[in-house]
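Have a look at the structure below before the remarks.
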Amino acid sequence: MLDRIVGTRRAAEGNGHLAVEAGLVTDATQLAAGRPTAWQAVQTARNITRPHALEIIGRVFDRFQELHGDRAFRDDPAIVGGIAELAGRPVVIVAQQKGASTEENIQRNFGMPYPEGYRKAIRLYRLAEKFHLPLVTLVDTPGAYPGPEAEERGQAEAIASSIQLMTRLATPIVVVVLGEGGSGGALALGVGDVVLALENATYSVISPEGCAAILWRSASEAERAAAAMKLAGPDLLDTGVVDALIREPAGGAHTDHDATAAAIKTALVAQVERLARVPMADLLSLRYERFRAFGTIVEPSSGQAPAPPQPWWRRMLRNPMRGGES
Amino acid sequence: MRLRNPFGRKPKEFPSHLWTQCPMCGEMLFNKQLERNNRVCQKCGHHFKLDAAGRIELLADPRSFSETEADMVSSDPLGFVDSKPYPERIAAAQAKSGHKDAVLTGDATISGIPIVLAVMDFEFMGGSMGSVVGEKLTRAAERAFAERKPLVIVSASGGARMQEGTIALMQLAKTVAALARLDEARIPFISVLTDPTTGGVLASFASLGDIVLAEPGALIGFSGARVTSETIGEKLPKGFQRAEFLLEHGFVDQVVPRPQLKERIAFFLNSFRIAGQDLRWSL
Amino acid sequence: MLDRIVGTRRAAEGNGHLAVEAGLVTDATQLAAGRPTAWQAVQTARNITRPHALEIIGRVFDRFQELHGDRAFRDDPAIVGGIAELAGRPVVIVAQQKGASTEENIQRNFGMPYPEGYRKAIRLYRLAEKFHLPLVTLVDTPGAYPGPEAEERGQAEAIASSIQLMTRLATPIVVVVLGEGGSGGALALGVGDVVLALENATYSVISPEGCAAILWRSASEAERAAAAMKLAGPDLLDTGVVDALIREPAGGAHTDHDATAAAIKTALVAQVERLARVPMADLLSLRYERFRAFGTIVEPSSGQAPAPPQPWWRRMLRNPMRGGES
Amino acid sequence: MRLRNPFGRKPKEFPSHLWTQCPMCGEMLFNKQLERNNRVCQKCGHHFKLDAAGRIELLADPRSFSETEADMVSSDPLGFVDSKPYPERIAAAQAKSGHKDAVLTGDATISGIPIVLAVMDFEFMGGSMGSVVGEKLTRAAERAFAERKPLVIVSASGGARMQEGTIALMQLAKTVAALARLDEARIPFISVLTDPTTGGVLASFASLGDIVLAEPGALIGFSGARVTSETIGEKLPKGFQRAEFLLEHGFVDQVVPRPQLKERIAFFLNSFRIAGQDLRWSL
């Protein structure tokens, strides 16, 4: 799946917008030895001084204009979005926003969106599609807010609708997991043509604490749960959940926001440029296949997994300008 | 993501070969009669959980159900071990339920209408969705798309299956993507929410029906009530996350008692089918 | 406009689905002499014993199955909707629901919808379009609820969006004003291919009391305001706001719910049958022109009002099966 | 439908040839300087109402505005008489404002981008929408559609014009229908809400912008605050129905101070324009 989407290891045959050139890591073996444990990644991803969405947006994009509101109930501060320029190209951005202080975290609800946050996202996705603007999403949430008001206003419905719309949104989508990719609340911003993650980001079906509480009956087993769930960058590469990792500065993204943003910008520019050259129908088919392929099953009667993606897509993506050849 | 009983009210089911006590009204119910009544208490109308076989018998026309992907099983992508290895948990669930995983899919007719039918079984690891549930539901939606047949999914699930980690989470996107194609093709999808439907299943396909029906009293919610309760540090309101609560808050079209469920689904499918036959309208 | 839409006075050339045969009144001169004053119509339209939406639905349609909820916030009891059969044909119904008692009126908020009511309507409009089901709406509201919660949840946005969707909804729409057609809150259900009204129904830009309070500085001048605003059935025919009136039983609709429903059913069956035979693109053009034509302006420089509708539509509607001829 | 001052706070504008007092901060402002500052108080930033001519000067590139339908006037469809006949009210408003009705429409450029521009004027019968406002806005939208130019509407209105009865109400559907065609054609529509935008104007075109901007402090709401206040029989919360209130509740993209309004609109139009030029994406 990595080759198909990011096209890195076949750099020489490609179209010049390559993962390797963009400083991306597409194979866990490319990472330094002595890499952090899953639990260390969890801690790094949650570090309050880690650059959050607006800090990244301010450094990566020009002329960001935030757009507010879901047009129905409330403007949710845990999700920010708007229009900005990425190396001169207008794009729509939708991002989860944590706080850099306790005060801001209270205002941002610790990056846990309410349903109206996802409905704002949905509105902005539609805006992107309507005006042919590429969509960049930045994922960073412990999860969707689980409180009773969120249940009353349809947290599950909002997430499901957001996922559904992304699967068929007729514009290129690049997802970057900045910090925590917390379950369905993250996935509601996470369906893209390319899914990237910072090196120390995590992406999991449930928080390690939640998993430990249920399976080990003790939240203190979170470290074990984190390791078992394979939620850290290298694991996500292995499973194909992310297509490539963006390298962080040596001490972690929190040690150098500028360098982190620069690496993200390089990756985004290359990916958006590449995706914008792919015919939309192909892009939508590929996006479908990207998520269609997840799953590890055995079928004794047929003896095989689902059919692999068609080869013409591979050619198409590796070199969209040359069409069917190569 | 696994279901918790929200009010600390432990169902007082005392299974014996002959009798079951109703957890709502306390009535002792003769098992055979309870089964004949589709596991609805004759006295108070309480809906007991219904397994996949019972659900198919309830909804599909007699002998019309033809199972597909019956032998699909999960592998163990993460090598997951908690108090016991994931493969052992699966084996135990298979032995207990008689099924390979938490959903049965197949072709059937409902009141003569050909459909693709999927029914989840809470008895299999809490109806959790991993690769097999995701793959079978996706294939069901793809078959409905290819054959232009309506899709009916009956959900009963505690959410995504933790033992498959982020792969399980990706099943949300995978199933929903297949449904999005159905939606664009204007092929009806009816979602039936039964006790319980929570977590990742509700946050994906189960919420996206053209018609969403729920059984009376079914627990339906995004977060386990335990999580929600801890979040606000207080007791939750009465009826929170029950089918009737979702109806009031606008997420469910109807709460339908089990005896009327089949005819209700057939009515909606017929309405959509008859109208769709007028080709003039598809400009 | 009446001819164009209802095609009655040229009954002999028509396609057999005619206003006159359906017992409709398309010309105020057809009404009995000594007809009620505007103020009497206002009182009759508000009579609590007048048949309201669910009473009409139960008598006109078969197998009504109500569908609930806006999928975002709440199921608003002031708007009901669902699927039912009209003489064997499945249709979607959306209606404003007043109460027949004080108790029910409190539950139904006196037929004044909240924004979530209009968002439920929008959801059901989309359902009708998706499955090619004709849409029937029943209008009966003093107006959209003007309270602060309604403002907070976007009453204006919900009404505007509902109107917008109806203007381009690709399925036939028949509107029947049962009682009060109160301003924008009524219009949100009121954009159709054919707009009918019961004989004593009213349709106005503001309540007579509201108009009097503003223009006469006294709510007690409501009777004068009602007359001035020309909100009663015959006036609505004259202005083209409604295409035809449905006759009520002699003493008014409240004296005989069955007869009232029977007259509505006859009209609906005829109109839905007729509209279902019109190609969708023509129907949408006609709907646009129907509302496009409202307005009384003078342009000294051009010396004329907007161009009248194109004649091919007239032919089309009068005899959709024979296409361009006649 | 006509605007009421919501807090009983009567703006203390004392028009003289030379000075105006700011109703917010009490500052006496030299009229010429106030005009130069686009009628924004230099001391506290309060936004005074801006008439149609001032609005065009603010937004359109110099000498780029070319008015259309300039002489369109209303007839009196209902023969409406309250304390005086409707035609007399119109004549008085025309004399006072120098315009034929409550909206000016035309072609213009904004930072070089060709657009169709419509600006309402609250001074003309409270910016109320009757046949002329509806017709001019509809023609503006239809021209934007035909020429594939973005549409910018600056609203200032108490709502529908009662003197035209139900015909005025129908203008909501008429204008919105024209916007719906723009929407389908993916032609940008930017709606700017200024003090005040209420009633039928907000419940139709003004709410439907791809981007909705509002000026600081502008009164924006569906119901007149008097109606709302009577409905609940109590005083309304501070800031109710102000631009910032709508921002918080999700109905406005940005609250933009008047000096930045033009460049902000240009930014959005440029973003949409540049992207739309990539033809590959319109599959």
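For reference, chains read A, B, C and D in written order, and residue numbers begin at 1 within each chain.
Note that contacts are C-beta pairs under 8 Å (C-beta built on N, C-alpha and C of every residue); 3 or more make two chains touch, one makes a residue touch a chain.
Everything numeric here is computed off the predicted structure, so don't read it as measured data.
Peer 1: Suppose each chain is reduced to the average of its Cα coordinates; what separation in Å results between chain C and chain D?
Peer 2: Averaging C-alpha atoms per chain gives centres 29 Å apart.
Peer 1: Between chain B and chain D, what is the separation of their C-alpha centroids in Å?
Peer 2: Between these chains, centre-to-centre, one finds 51 Å.
Peer 1: How many Å are there between the centre of chain A and the centre of chain C, using C-alpha atoms for each centre?
Peer 2: Centre-to-centre distance between chain A and chain C: 47 Å.
Peer 1: Touching at least two other chains at once: which residues of chain A meet that condition?
Peer 2: Where chain A meets two or more other chains at a single residue, that happens at 71-73, 152-154, 157.
Peer 1: I need the residues of chain D touching at least two other chains; which ones are they?
Peer 2: 249-251
Peer 1: Please classify the inter-chain touch graph. Allowed labels: line, ring, star, complete, other.
Peer 2: Contact map by chain: other.
Peer 1: Go through the chains and record each pair that touches.
Peer 2: A-B, A-C, A-D, B-C, C-D
Peer 1: Would you mind writing out the residues of chain C in touch with chain D in their complex?
Peer 2: 144-148, 150-157, 159-161, 163-165, 167-168, 183-184, 187, 190-191, 203-206, 210-211, 214-216, 228-231, 235-236, 239, 241, 287-288, 291-292, 294-301, 306
Peer 1: In their shared complex, at which residues does chain D touch chain A?
Peer 2: Where chain D meets chain A, its residues are 186, 188, 210-211, 247-254, 264, 267-268, 270-272, 274-276, 278, 280-283.
Peer 1: Can you check the complex and tell me which residues of chain D touch chain C?
Peer 2: For chain D paired with chain C, touching residues are 1-2, 69, 71-78, 80-83, 131-132, 134-135, 138, 160-162, 164-174, 176-181, 183-184, 199-200, 202-208, 221-223, 227-228, 231-232, 236-237, 240-241, 249-251.
Peer 1: Considering only the defined contacts, which chain A positions touch chain C in the complex?
Peer 2: 71-73, 115, 119, 152-154, 157-158
Peer 1: Mind pulling up the chain A residues that touch chain D in the complex?
Peer 2: 63, 65-75, 83, 85, 89-90, 116, 120, 127, 130-133, 170-171, 276-277, 279-281
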